[in-house]
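Letters A, B, C, D, E and F mark the chains as written, and numbering starts fresh at 1 in each.
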Amino acid sequence: MTVLMSEMTWDEYEKKVKDSVIFLPVGATEQHGYHLPLGVDFYQIEKLSELVAENVNGIVAPTIQYGYKSQPHSGGGQIFPGTTSLSAQTLILLVKDILLEFIRHGATKFAVMDGHYENKMFLAEAIDLVLKEANRDDIKVVKCCFTDMLDEEVVTKLFPNGFPGYDLEHAALIETAMMCHFYPNLVHKEKIISEQADNLPRYEIFPQPEGIVPNSGVLADPIHGTAASGKIIIENLVKNYVEMIETEF
Amino acid sequence: MTVLMSEMTWDEYEKKVKDSVIFLPVGATEQHGYHLPLGVDFYQIEKLSELVAENVNGIVAPTIQYGYKSQPHSGGGQIFPGTTSLSAQTLILLVKDILLEFIRHGATKFAVMDGHYENKMFLAEAIDLVLKEANRDDIKVVKCCFTDMLDEEVVTKLFPNGFPGYDLEHAALIETAMMCHFYPNLVHKEKIISEQADNLPRYEIFPQPEGIVPNSGVLADPIHGTAASGKIIIENLVKNYVEMIETEF
Amino acid sequence: MTVLMSEMTWDEYEKKVKDSVIFLPVGATEQHGYHLPLGVDFYQIEKLSELVAENVNGIVAPTIQYGYKSQPHSGGGQIFPGTTSLSAQTLILLVKDILLEFIRHGATKFAVMDGHYENKMFLAEAIDLVLKEANRDDIKVVKCCFTDMLDEEVVTKLFPNGFPGYDLEHAALIETAMMCHFYPNLVHKEKIISEQADNLPRYEIFPQPEGIVPNSGVLADPIHGTAASGKIIIENLVKNYVEMIETEF
Amino acid sequence: MTVLMSEMTWDEYEKKVKDSVIFLPVGATEQHGYHLPLGVDFYQIEKLSELVAENVNGIVAPTIQYGYKSQPHSGGGQIFPGTTSLSAQTLILLVKDILLEFIRHGATKFAVMDGHYENKMFLAEAIDLVLKEANRDDIKVVKCCFTDMLDEEVVTKLFPNGFPGYDLEHAALIETAMMCHFYPNLVHKEKIISEQADNLPRYEIFPQPEGIVPNSGVLADPIHGTAASGKIIIENLVKNYVEMIETEF
Amino acid sequence: MTVLMSEMTWDEYEKKVKDSVIFLPVGATEQHGYHLPLGVDFYQIEKLSELVAENVNGIVAPTIQYGYKSQPHSGGGQIFPGTTSLSAQTLILLVKDILLEFIRHGATKFAVMDGHYENKMFLAEAIDLVLKEANRDDIKVVKCCFTDMLDEEVVTKLFPNGFPGYDLEHAALIETAMMCHFYPNLVHKEKIISEQADNLPRYEIFPQPEGIVPNSGVLADPIHGTAASGKIIIENLVKNYVEMIETEF
Amino acid sequence: MTVLMSEMTWDEYEKKVKDSVIFLPVGATEQHGYHLPLGVDFYQIEKLSELVAENVNGIVAPTIQYGYKSQPHSGGGQIFPGTTSLSAQTLILLVKDILLEFIRHGATKFAVMDGHYENKMFLAEAIDLVLKEANRDDIKVVKCCFTDMLDEEVVTKLFPNGFPGYDLEHAALIETAMMCHFYPNLVHKEKIISEQADNLPRYEIFPQPEGIVPNSGVLADPIHGTAASGKIIIENLVKNYVEMIETEF
């Protein structure tokens, strides 16, 4: 049986909602270089949510496909055409409204699945507002960005020459690998170029100056992103997410 | 080549955005009886947008999958588990933010594709705010709910015994037919029941009293909703949408 | 004794508030052709509220004289000088604040009397927010636009050649008739012209193009709007409103 | 010819709007003792606006009949049933929306006519936001509470035993006098009682404690409020308002 | 031991918070003539809060150093460089958030110490919203502007030739005197000039016209503001504040 | 001459504002263990701003003393008494209002000095909104958290046994060292305890469970935080900040 809420009828959903963990995938529509599509952030987190939910009898809510504004240091910034972002207030209200609806339906267990680094603090605010407004003591929410859930050993193996850090892992090895596994036909392998963001100052500059991120939008080298490594990453993530759900609920 | 923005890379999108009509499908997550899934409103409008965009070289933005609160007279109301809605302010800000981003990318032609009756006025407000904030005279937006686009002759043929009106066409013949065509495996044909909302007063009552809509959530008879009639409906809609785009842009 | 809250002293109001239905008339300041004044929408609903309240021992709160933005398909649109409208957020907050105050005073029974089609969904949102914020189970609100309350038989009699539909009944027969009865000296009979909106597409276009509504702002023929038909309309409306109040409270 | 916008047709309004001063009366719905009705603050400022507009060929917009929350030191506070107030955000947005609409119509000269002391700062904020949003240099707004416009000589004559100050002039001599002149049938002369707020501390206390204002809601003695003194007050106010308009526009 | 919250560790604060009055000083960053610094409004109210808190075992929260927009009649208006103000919504939310946090910590007794006349109504709104949101009956807040707390006898002595009124006491005798006492090194005595605002109309004009306030920004004569009179003022204020706290808590 | 805006008169400020970099320190009021006071985050960033401004002829605006909600992984979370935080919307509006005021004064160069990790994204949003609203191309803003500005060599020297990472550096070595240098009398050396957050899961849990952070609120060992290391840290920071200002402006 499906774990996707959108595929359930209301009475099927009603039977599961009180006991299930509700997964809310939150992605973004954001440039991912010349070789990956704009939907990477929500494609990935939607798929991951589905895989985890299948293991824990969860429900996956319709994915939020727009996220917070891209920052130069983590997503290349708003200067790329196609990067389509929400302002802080909008994203906070959006997530807040949706979670409060699930609570009204009887849900009490939530996993907010973040697929876009810039969403982090706005999701935290939304959840905090939800807890205040719901004013109940039986609601529990876990939340993380998928990059928090990858084991260090796995990263070490994937990057034998050293890991450049999650911030620069934008349209880079990890995302390329995962997309090669999830949606190989959406990856333009011939357009993958070796790239490294070298001009980023340690502080932020507004408005974003030209040239501080590579023209492609890729922040670190995606060359070694393959379906095989994608499979390793995804299996590790799913294992850890499932463990999180089993530990917390 | 794909018309889906989420499947394009940013440079592919950049090449098309200035000349293309951007389609923004706006749906809802809402009960649709025992036989249709919660995602009907966004599944349908997403598919329709795609079919129209293919005919006019458009771009389909990621679908907004949550809409305004269900009203008893048009969607059965908020009392059904699974109906997951946004407040007015959230929906307005969401659509406003997204359209302003496309304008920033260089887009000037928009079709806001409404798949959920209750969204109507909030989309109008969002578009009005966008025009004020953009403060330019080269932006044009068309908008309609798909039910506005069906030819009367088609409706007359589909309902030989008389059309109960669009308000009650919730989880009824038209939506059942379209889903049978688009996603037959998501229709539980065995659970279709003949139903008619008879207890709705002509005024609205808050909070929604029990019993004014059928328990199933179906507001009018879906029995004659078939893939064949779905095909007729969809072809008529696509023809009219394409005509709208060609007339206005 | 007066039913107008504004004419009561606070102690007179205090004696009635707990048992009475509070009527909140919500109108608009909007063009109504060359022959009707800008205040039609609030004049009418204020008078109707008063007549109904007198029959059910109600209290009529001060009228909200500004409403939501005029739409081309129902009020001719915002392009007419004099049409003075509120944004969505403002109208929602305004109605919400006022209703919450009445609840604080001890009122539990409300009739939100809508005199302007475009207000509909924003009033629904305001009431929903009030119920959530008040968080009590003894509050009941009924709401409708006055056009919902006219009996079909009456309409059939008034339009022997067929009724063009409520959307186009703007500054047309019904409103002209009601104003001839309520405020004959505010109707410029010599300026009434036969008019019919023929150029409205079935979809909406933003910004509003010139020429899709008649220059006068009248959307359907007002010629047969007389004080006599106004009297018939008003008596029918009052009867039905009174019935609504007696049924629901 | 009428100065009331609501009585004009849109084309009559259009002819005047560019050259006229637009008067926006802002009142309140607030207790005014046992002898004056809840609508005093908007009745008075509406009438005054009309009288002034007639002298300067102005336009009087529909009155805002709800104002900011009553404060114990100036209006007795929110504890009285019938006092029906807006929150800060609502009042600011309401006035802002309305003024921006008039600017869209072509108006550039405004008089915001305040009939309720507590509105003062929120009107200032609304006007400031309007000027920022309109971003033009041909807009001019004057604003005052009517109590600012009364000549000291007049006050001295009306209060031979000394003036208690405008703060306590709530439901007291001045308002009683003006209402006796404007709406004698709404004044319950037999219920006028001599009263003086003696227990108000110089600081404010939240929530408002019982007993710091007289039970009647009257803050200073209304006994000598007569139609004759009302006439004197009103003539003085109108003269000074007209002078203000002539000086500033 | 310190009364400043910012100097306490969290466990020191925890021990005091339930029984102590929390003082929240709210100032402004605003021009104060050629002789006083921009921080006058928050310097003064911070110092006063400290002196009062020391007498009543209170806690002084970190000072809000930005206040509401300066008005010509009370602070010279926004036209002076350096005057750095918050909009209404921001100030209301800021004070509301902070007070709700203290309530979460267990505090129930509050003194909102206003050092800037223009803050008055926005602080009232913030406190009202806090009480509604906290929805408890053990919270008590007192609030006043320091000018409300000065005894008339003291004022009479300080201004033997008559007091021009608090509105014009901006960068004038009282503030100069207090700053000479509190921060003598921040007073440029040589730049004090005798000044009197004579051109202010009794109504307000937007945008602020040039020349209605003195070029210096001083609204009344500061010449006699000395450390000695500052001491008298401050002692009187502290005495009255302490009395307020002892009376109310 | 002072670099503190609050100590300048308006005409002194006016002379400098167009050419100077405006430093806006943004801190927080947050628990910092048993040995450091609640004001650490704003004390430090205020002092650093002052030192940097002195080197580049800047202006330091009054410090924002309240920041975004403390997160368990970086500040111990909101469960500690004394941690007094702003919601997202409030912090964004606050910073936005203040920066827009400086722009109105003629400033074009800004350094937003972040002293509290949790502020990061909300400051980014505020600055983005400011740039959109100002709509000018001569505004430049740099922004960073002070921890971004410390040289790796310095960190390596200070932590010979390995650096636990900035997230856990809360009330730990770096902050203790800086406070020992800046405000030795506010450091309770006798209460410093060796502590390490070991129970933090890699994901976030709402509401915050008991026991995931040490009871003291210290997240990593502060034992080796001395005035001497504080001096090294501060000198390194000031050097790097000055370099940033000189590079960017």
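FYI, a contact is a pair of C-beta atoms (placed from the backbone, for glycine too) under 8 Å apart; a residue touches a chain by one contact, two chains touch by 3 or more.
Bear in mind that the values here come from a model prediction, so they are computed numbers and not experimental data.
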- Starting at chain C, what is the smallest number of hops through touching chains needed to reach chain F? 3
- Of C-D and A-F, whichever chain pair has more C-beta contact pairs: C-D
- Query: How big is the gap, in whole Å, between where the Cα atoms of chain D centre and where those of chain E centre?
  - Reply: 28
- Query: So what's the Cα centroid distance for chain B and chain F, whole Å?
  - Reply: 47
- Note on the structure: Where chain F touches two or more other chains at once, the residues are 87, 89
- Query: Is the way these chains touch best called a line, a ring, a star, complete, or other?
  - Reply: ring
- Task: Starting from chain A and stepping next to chain B, give every chain of the ring in the order they occur.
- Result: A, B, C, D, E, F
- Note on the structure: Seen from chain E, its contact residues with chain F in the complex are 4-11, 13-14, 17, 29, 31-39, 42-43, 61-63, 65-66, 80-87, 89-90, 93-94, 96-98, 101-102, 105-106, 186, 188, 191, 217
- Which of the residues in chain F come into contact with chain A in the complex? 68-69, 71, 78, 87-89, 92, 118, 120-122, 124-125, 127-129, 131, 139-144, 148-149, 201-207, 244, 247-248
